[in-house]
Amino acid sequence: MPDIEIVENLKRDLGEKAIELSNPGVRRIFLGVAPRDLLPAVTLLRDKYDCAYLATISGLDKGDAFELLYHFASPAVNINLRTEIPKSAPSIASICAVIPGAVLYERELQDMFGILVEGLPDPRPLVLPDDWPAGNYPLRKDWKFERPQEVIPGGKP
Amino acid sequence: MAALRTLLYLVVYPGLLFLFVYSTFCEWFDRKIYARLQNRMGPTHTGRFGLLQPIADFVKLLAKEDIVPEAADKRLFSVLPIIGLAVVSTAGLLLPVWNFDLAAPGLTSFSGDIIVVLYLLSLPTLILFLAAWSSANPFSTIGGARVLTMLFGYEVPLFLAVLGPAILADSWRLAEIAAFYQAKPLLLLTNLLGFIVAVIAVQAKLERTPFDIPHAETEIVGGTFTEYSGKKLALFRLTFDIEMVVSSGLLAAVFLGGFPGGAFIGFLHFVVKTLFVIFLLSLLRALTSRIRVDQVVSFAWKFLAPLAVLQLLVTILLKGLLS
Amino acid sequence: MSFEIPIGPQHPALKEPISLRMTVEGEVITGVDIRLGYNHRGLEKLAEDRNWIQNIYLTERICGICSHSHATCYVQGVEKLMELAPPRRGLYIRYLVAELERIHSHLLWLGVAGHEAGFDSFFMYTWRDREVVMDLLEMISGNRVHYAINTIGGVRRDLDAGQIAKILEGIVTLRKRSEYYFYIGANEPSFVARIAGVGYLSKENAVALCAVGPVARASGVARDVRKDDPWAVYDEVDFEVATADSCDVLGRVVVRVKELLESYKICEQLLKSLPAGDIAVKAPRKAKPGEVVSRYEAPRGENIHYIKANGTDKPERLKVRAPTLANYPATVEMLRKGFIADIPLIFAAIDPCICCAERTVTLIAAGSGEESVVRMSDLRRRAIARHQNAPVKRNAVWPL
Amino acid sequence: MKIAVFLPELLRHLFKKPATVDYPFKKLEVPKDFRGTPYLNPEMCIVCKACERDCPAEAIEITSVNEAEKRFKMIIHNDRCIHCAQCVDSCPTTPKAMLMDSLFEIADDDRHKMKKDWVYVRAVLKPKAAAPAAAPQAAEPKA
């Protein structure tokens, strides 16, 4: 199925829900939806577009909002589902019920951006150390790491 | 004078010192063969051709820190390696290569010594299990359970296989069995099947690939030896080396016609024949991958035990024919 | 009797730290829990304050085995962002190295599988023959592990006729050996007994849990980015996607060996039709604002990089998804109801690259050399602080 | 199912020469373009700092010693260097001021000993045609 056809189909199936629909490269489609339409959109992609394979979820700190990109892939095309949630209330519904393999990526989002993923079957921290200070989310842009002075072991300065 | 001789017999030859030197040599031989089979070099630099490498390893381990875990049964944990070493060294004294008189059964060569050797060679397995259990470590516990499970697999085929030639020779004394086959070397060929079964069972007893399940390092870390370190580990390793020498000596005595020709020639026979058995063991080690413990038991009962029984049948029929 | 055994963070079967908690009932596994985070270096954060050139080498160091795959995935994304068209010869050399890397990675994996099963001879022989391809890579790029042959707009080193002849010669040897190892792996009874029927992953589960690479292909899911999303040279060469239907570790061995043979085919085709010309075009220092999703079929499965540029000489965001991370949920599924003895084999069968999978947390934003130093002092400081604040609890439960 | 399929291969190698090399007693040759350790040819350096800017490991440090004499000091931190040779690629002069040798045994027990530094006067290169014979009088190498 060529890209144009998929874009047309998506336009027809999602209608108003598709805030953004673009096709910047060969076999690359970017699709934007509102957070409340996320689950229906993911279900649609899985059932109708053969996109049961979620490659990953990218988070991006845009200053006052978080952008979440769900990278799906089918044998024909790579669909990137974009949604945006406000930084003041960072919370998103989990898609684990639809795509069970998403659990690690959603846990990573929680760790890295402090986004609350609701309905996650296993919400424990994934990658951060156990004694990581609360409220520190490394991939937010306002989180800066102060580089310590280099000290070479062995006594000499 | 007799006391001194006994002391020399126990400590120097063929006691601890000789067994130590010869077993480290056998370990070197095993390692070198294993390495060459794999197109590697093996020990090269300690001593000539790396001959001293096992001794260097032993000394290194002796010098390492010796840790006894807090949760372990400390007394049992510490004493087991020594018992293990003592048991296998005792078994070494019974081999019919030194100090035996065919006519007059003595202290180390008597009717029924084949049973005693087999029994003494079974003991290290139980000691290993106790050692694993007393270290109170999940990996050791699993290793200990595996040791016992495997024991049920290989012990019966080994006994059946080793006792076959004894039945044919009509004796329970190693020296007499060996002498019987020295008189009729062609009869050795009838025991070929038993020899194969016995080599595989000895491989399992020595816990070498494909039967290195109790201490499979990629599965359960050190297995039975997880908590052992320093001197105790060194003693355990020496125990296994000596066990390898003794069990290959046993196989040589029973299946390969023993060690005829007096002290010197007999000793040469001993060296050549044990090295041959060890070569077979190394080859088996290089040839296979580790199997699971359930596969060991089913393999032992589906293949080894029936083959051993078949060998026994052949032996009995042959004995009827001969008499 | 049911008890827990820890596989990792330090364990002989694991070459890198990860923690698998196994609840076992005798020899049978009843529960599995995975804990990541022992090997985090903060690459995604670090990438945000490195320029485009520096990031090539940063992404290359995500992994030590498939170093070229991450760098290529990144570079082809950046080229799209910068609207560069690398010369054909450069592309051919780049994907030639990529296929050679796949060969070395799969041979390495064969050896590791043998080692985990206790088949050390197999391990020694496969690794001996892997030296052939390692030497080829060293000859092409100047290094055995981190080839660093990619640059934005092409590759950094050219091939001459002598090198091409040597590569072709090496491929002939390797093909013969790979076929032999296939024969051994499928016929040695003790090895087959260990891998056949072990680590079952049904096709439905492989799809639902988003498995990638040889794990998915061994379960009958023909998922290969080189075919699904052919880029650069992959629509010009002829190869097949290797799959197997046995859904077990044996299937994964078969898939990998078949892929080896396909890779030899691709290498020969690339070398035979190597175009003449330049190997690289000059790249600008800055990229226009934009975003790109770059996909690449690494030896372990699909690699996906999401790169966003903001007009400066540094990326706004670089998201890296390594294939191993995608295979963890499937691993948990495969381990369930297995034997303890199968843990290393099943885990090794996904060809885990733990440092690939864990790259996100920023503890240290420093050059590679400083990391250990900073981390040491940092760790020491934190350990002291922790010790002062909380007395060590005896028999403490694993805090999760 | 066959038994002992590996046997012929194993026995064949029993009396063959081992494939391994007796390192460190015997050493293999590295290929021609091996990326060893970077070093500076101070006669060619025009202090454009391209290498410092592009070094992914921040292993190159160029500081000014004497502004008036145009004297500079370059330190290469071999303890940080990742041997990617990007400095060689970034170097704009012909012939290159940054070069790689084929040394690979550079481990040391002290990080300080792994630093290498050069103090030199900035080279003034003539136009491209005469570049190979550029400005020998300006150089004053010091290891």
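Order of writing sets the labels: A, B, C and D. Residues in every chain begin at 1.
The criterion applied here is as follows: a residue touches a chain if its C-beta (ideal position, glycine included) is under 8 Å from a C-beta of that chain, and two chains touch if they have at least 3 such contacts.
Nothing here was measured: the structure is a model prediction, and the numbers come from that model.
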Subject >> Starting at chain A, fewest touch steps before arriving at chain B >> reply: 2
Original post:
Which chains contact both chain B and chain D?
Top reply: C
Subject >> By number of C-beta contact pairs, the top two chains >> reply: A-C
Original post:
Any idea how many Å lie between the Cα centroids of chain A and chain C?
Top reply: 22
Original post:
Taking each chain's centre as the mean position of its Cα atoms, how many Å separate chain B from chain C?
Top reply: 44
Subject >> Where chain A and chain D are represented by their mean Cα positions, the distance between them in whole Å >> reply: 41
Subject >> Euclidean distance of C-alpha centroids - chain C vs chain D, Å >> reply: 28
Original post:
Multi-chain contacts in chain C: which residues touch at least two other chains?
Top reply: 121-122, 125, 128, 188, 370
Original post:
Got the chain B residues that touch at least 2 other chains?
Top reply: 37-40, 286-287
Original post:
If you look at chain A, which of its residues touch at least two other chains?
Top reply: 152
Original post:
In their shared complex, at which residues does chain C touch chain D?
Top reply: 50-51, 53-58, 60-61, 121-122, 125, 128, 131, 135, 138-139, 142-143, 146, 148, 151, 156-157, 180, 183-184, 187-189, 192, 367-370
Original post:
Which of the residues in chain D come into contact with chain B in the complex?
Top reply: 4, 6-7, 10-11, 13-16, 18-20, 22
Subject >> Complex contact set, residues of chain D against chain C >> reply: 1-3, 5-6, 9-10, 19, 30-31, 33-35, 53-59, 77, 79-86, 89-90, 100
**OP:** Quick one: which bits of chain B touch chain D in the complex? Just the residue numbers, please.
**Re:** 33, 35-41, 44, 283, 286-287
Subject >> Touch list for chain C against partner chain A, complex >> reply: 36-37, 40, 42, 44-45, 80, 207-212, 222-223, 228-229, 292-293, 295, 302, 304, 306, 308, 316-317, 319, 321, 325-326, 328-330, 358, 360-366, 370, 373-374, 376-378, 382, 386, 399-400
